[in-house]
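Notes follow once the structure below has been shown.
Order of writing sets the labels: A, B, C, D, E and F. Residues in every chain begin at 1.
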Amino acid sequence: MAKRKSKTAVDGRASKPRTPATAGDDTAITALGLPPETLSPEMAAYFAKCEEKLGFVPNVLKAYAFDMNKLSAFVAMYNDLMLAPSGLSKLEREMIAVAVSAHNRCYYCLVAHGAAVRQLSSDPALGELMAMNYRAARLSRRERAMLDFAVKLTAEPWQVEEEDREGLRRLGFTDRDIWDIAAIAGFFNMSNRVASATDMRPNSVYHDQAR
Amino acid sequence: MAKRKSKTAVDGRASKPRTPATAGDDTAITALGLPPETLSPEMAAYFAKCEEKLGFVPNVLKAYAFDMNKLSAFVAMYNDLMLAPSGLSKLEREMIAVAVSAHNRCYYCLVAHGAAVRQLSSDPALGELMAMNYRAARLSRRERAMLDFAVKLTAEPWQVEEEDREGLRRLGFTDRDIWDIAAIAGFFNMSNRVASATDMRPNSVYHDQAR
Amino acid sequence: MAKRKSKTAVDGRASKPRTPATAGDDTAITALGLPPETLSPEMAAYFAKCEEKLGFVPNVLKAYAFDMNKLSAFVAMYNDLMLAPSGLSKLEREMIAVAVSAHNRCYYCLVAHGAAVRQLSSDPALGELMAMNYRAARLSRRERAMLDFAVKLTAEPWQVEEEDREGLRRLGFTDRDIWDIAAIAGFFNMSNRVASATDMRPNSVYHDQAR
Amino acid sequence: MAKRKSKTAVDGRASKPRTPATAGDDTAITALGLPPETLSPEMAAYFAKCEEKLGFVPNVLKAYAFDMNKLSAFVAMYNDLMLAPSGLSKLEREMIAVAVSAHNRCYYCLVAHGAAVRQLSSDPALGELMAMNYRAARLSRRERAMLDFAVKLTAEPWQVEEEDREGLRRLGFTDRDIWDIAAIAGFFNMSNRVASATDMRPNSVYHDQAR
Amino acid sequence: MAKRKSKTAVDGRASKPRTPATAGDDTAITALGLPPETLSPEMAAYFAKCEEKLGFVPNVLKAYAFDMNKLSAFVAMYNDLMLAPSGLSKLEREMIAVAVSAHNRCYYCLVAHGAAVRQLSSDPALGELMAMNYRAARLSRRERAMLDFAVKLTAEPWQVEEEDREGLRRLGFTDRDIWDIAAIAGFFNMSNRVASATDMRPNSVYHDQAR
Amino acid sequence: MAKRKSKTAVDGRASKPRTPATAGDDTAITALGLPPETLSPEMAAYFAKCEEKLGFVPNVLKAYAFDMNKLSAFVAMYNDLMLAPSGLSKLEREMIAVAVSAHNRCYYCLVAHGAAVRQLSSDPALGELMAMNYRAARLSRRERAMLDFAVKLTAEPWQVEEEDREGLRRLGFTDRDIWDIAAIAGFFNMSNRVASATDMRPNSVYHDQAR
């Protein structure tokens, strides 16, 4: 993957017509010069499956592809958390992803997972609400408690205590559900930081998905 | 304008199919029960002009319509800041509006002015960048400095000093431009709070404008 | 209005006698070089009324006087919020102004509106309490709730929700009152930022008014 | 010292005429019921000296008078820091006291030491600037650096490093001066917290001293 | 793994002798009732290797053992980041782990990785410095820049930009090193949150390792 | 006391073997060049008593020894707060010291008073819990409330009110106990800042005391 030029463009008022905001996002995926390795057979198959099902390979996977061990470990954890059976619906998991990423103001994850919320809910405005301020959405008490827990865990993890877990249990969440909320919130606290540290750019195709 | 019901919906996992996130947004515009006054001739003409040019009356105007003095004052200030001649382009002014509203996580303003950035720039992703994290956008040095000033003024106004103004002047901003950046940032710090305090809802039509 | 010199004075321990802290405050009102326009007849009349009733024209008005449209819009909004009929007394409105400005540490507004609290309450210490820490004042539950709402809206507007509005209603505030608290808090969040961005200086006469 | 009643007064709009904000401040000095001990001869002499020189005994001394050991230790440390020979003038020391107390929004210390700044400088507005936002004052570079150090040490002590000390040395502060700035800033970080924890009230006489 | 009792112990001053702070830490590892699955052969071998090399199985592994997929994914990612070849030494990686965990005040990770820093450096005080305030340690410029990047990424990931990456490159870090710093900081931002959300307890044996 | 060299060591990866983290901590106690005065007889006796009872003189005392008045005042206040009769046990007082110092991330106080908690409790892990996150410790309700009050007073003293004091009273704390909690929390808010401002180093012997 080619290393990008510095992102501050030429100055001046007459800088119109401006370069599209997504220019380069599909080719220069991060600010780091880390050329991809040859994909392992397993990962090649996985990329092919992405192409088939989504029509593209998410840029985060291309960003990790400079090292097959890192790519495999990321894929294994991601797929377990977001796609494996859980007491949380896939939409709920994506809502957590976006609410956490909104706290961390992570452009990559807000674009990619905002699109997922729009798709899974068939409700474009729900995706925007998660990205802008989940507190303004009309949510069930269950959804709201789930997101409050995830965002508190994001903002001040040292303050999370038994009382917070009890609050979730009272609304019907099992201990396994609590683990899943925590693990997903934790995962996006990781991914948000890897994306911000490397200026990772989302595939341009996400922007108008499920609008 | 009818006062809305409390926004926490019925609970439970089987709450599908969920109510669309924008349900009621065009009819129950705020959480306050403030019935509109009869529009003054001047404001009736202005609303008619909105209908004609935009196809709708922005909900913020309907929210202020319970009192003609408040509505007129708001309209006069808004139109002067956002539409009157200025050293800042209309797009630059809307970029300030969205970057400030992103700091304050104001749903109404992010939706309404995010649409404006998309329209004025013909670049949907630019609107999303302003709403998600303007620091991730590829901006000219001028644009970046303008937004850094507006967001610092939003986050910690007590820290803004001559050095900050000098930084803008060095990039070619005049003292009048500095006033305009400050006044627009200030205005959205006001509007964000009126909107959040009243749970103001954006017209649903904004969501897919200029995508 | 003449543009001021940079404010860092000559250095050194022997810099006594020091220049009075208000030096220049009545002549070089902001750090921006924006010469006043000729006042419109309406604004000239308003300035004359200020001179007559207050004995001076508040510097914020002089600061806006480089553009009659901006000045008129500011005056219209200010007078509606602070002087028009409302469920909030004028003193309550000024208390909100000062508590918000204290959060934002705005020198101009603390001086000018601190004086207003002293005058309207005939209680100098009340003005100081609002400027220093309103939580240390002995307030009625109504006053305290009003200020808590205004300051929460100032500090973290994204957290204001129905529960906050309900708290005000339980203490007897109407929905119109809630609007007024929000609109005044919002207005000073704007003014604090315009003042800080331009280093606006309060008229020196405020300092010993109503002591 | 009599323990005060809870400070939330009777509610209701018709609560005028309101109780003066300083009511009780000279008799019920803290929210704790800690009756004074008999003053030791040394402390009795000190209180007499206060009466003679100031015309009153500062309430903080009365608050500590429930225990002679605590009172003596406080007086010894206070007098050494604020009155003993130092490279910092008495005014500079009081400016530090007020700027630190402003960060911590301590009513007692802002009132008492704000009065001291007014007196020592013969400049009432300087006292208000220290209490409202010292960054808005026209200070010498020396004064500004001294206050920036004291306030950084107050806000985020874990970030203070050699670079900060070097900045002071470059402006002519000796290592002993640096100690004194730190010790005074530290002392008011202590006193602000004792005052806030006990709702300590300033002598009402401070309010109009040196206006 | 047995679910723990609520952690607030019996009250009262005579509660001596107090229960040791580590009581239960080796048996009731989290606050969630998630019984372990049978270990897969691969994971059984890994646990055996831990027993052999460390003398115990780290509690975090036991906490994940309720689900083999989650355990495997965690182990794969952890081992790649902390043990695989990298431009960062193992000590540097553990220093990042502890400095990040100190920002997040994560008891589990501070205990477990504090021990690792002590061991790898043969310098007990270095472990304490990383856990208490890494800025107080005498570090090389390389180490300091690495930790500053990791902690900024932890505290305000949205502020990390090209300038931060350039700072690392100027000190000799490669783009691969930058990835590794970001990935390790990200990983502990995840683990800190999983640990805090579940009240995960460190093996008691860590406390006196390498003192 | 000799002034230390700047703490950033020589750079480079091959900087092994690294200088021990405590190098110089027992000889160059602060970053300031403040040579000790001759000890007064009273202070000489006190230092001798420290040597006899502890085996060493705590570095904070050596740091203050450049001025006998400052040293005496510090010692008087410290001994009164931490050793004189009080409704708080000595362990409780040291727990407050460490929890406050953890909030302020003060290396000196965490090392010195962490050792004191370990010694007084005969429970090394309790010392680590206080330094890392007291919320993760299994405390009595009394202990927890005491530390919550002390840490709130540290983090946002302006928010402490009658409700906080009432919470302590309900758990059996007297008004004198409340004073003591506040005074100790205040004292360490002072000491943390003096230590951070001067880069004060703890005696190396503390590190393995009572492990």
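As a working rule, a contact is a pair of C-beta atoms (placed from the backbone, for glycine too) under 8 Å apart; a residue touches a chain by one contact, two chains touch by 3 or more.
Keep in mind it's a predicted model, so treat the numbers as computed, not measured.
S.K.: What are the chains that subunit C and subunit D both touch?
M.R.: Chains touching both subunit C and subunit D: B, F.
S.K.: If I superpose subunit D onto subunit F using their CA atoms, what angle of rotation comes out, to the nearest 5 degrees?
M.R.: So the angle, rounded to a multiple of 5, is 180 degrees.
S.K.: If we define chain centres by averaging CA atoms, which chain lands farthest from subunit C? Would you check?
M.R.: Of all the other chains, the one whose centre lies farthest from subunit C is E.
S.K.: Comparing residue numbers, which of A-E, E-F or A-C shares more than half of the contact pairs of C-D?
M.R.: Most of the C-D contacts reappear at E-F.
S.K.: Using mean CA coordinates as chain centres, what's the gap between subunit B and subunit F in Å?
M.R.: For subunit B versus subunit F, the centre distance works out to 49 Å.
S.K.: Can you compute the centre-to-centre distance for subunit B and subunit E, using the mean CA position of each chain? Integer Å is fine.
M.R.: Distance between chain centres: 43 Å.
S.K.: Compute the distance, rounded to whole Å, between the mean C-alpha positions of subunit A and subunit B.
M.R.: 26
S.K.: Among the residues of subunit E, which are close enough to touch at least two other chains?
M.R.: Those would be 7, 105-106, 133, 158, 161, 199.
S.K.: According to the definition of touch, which chains form touching pairs?
M.R.: All chain pairs meeting the touch criterion are A-B, A-C, A-E, A-F, B-C, B-D, B-E, C-D, C-F, D-E, D-F, E-F.
S.K.: Once bound in the complex, which stretches of subunit B touch subunit C?
M.R.: That would be residues 3, 6-7, 31-34, 66, 69-70, 72-74, 76-77, 80, 84, 104-106, 149, 153-154, 157-158, 160-162, 165, 175-176, 178-179, 181-183, 185-187, 189-194, 196-199 of subunit B.
S.K.: Note which residues of subunit F are touching subunit A in the complex, please.
M.R.: 133, 135
S.K.: Using the touch definition from the top, list the residues of subunit E that touch subunit B in their complex.
M.R.: Where subunit E meets subunit B, its residues are 158-159, 161.
S.K.: Touching residues of subunit B toward subunit A in the complex: what are they?
M.R.: Where subunit B meets subunit A, its residues are 7-13, 15, 18-23, 89, 102, 105-107, 110-111, 121, 123-126, 128-129, 131-133, 136-142, 144, 171-172, 199, 204, 207-208, 211.
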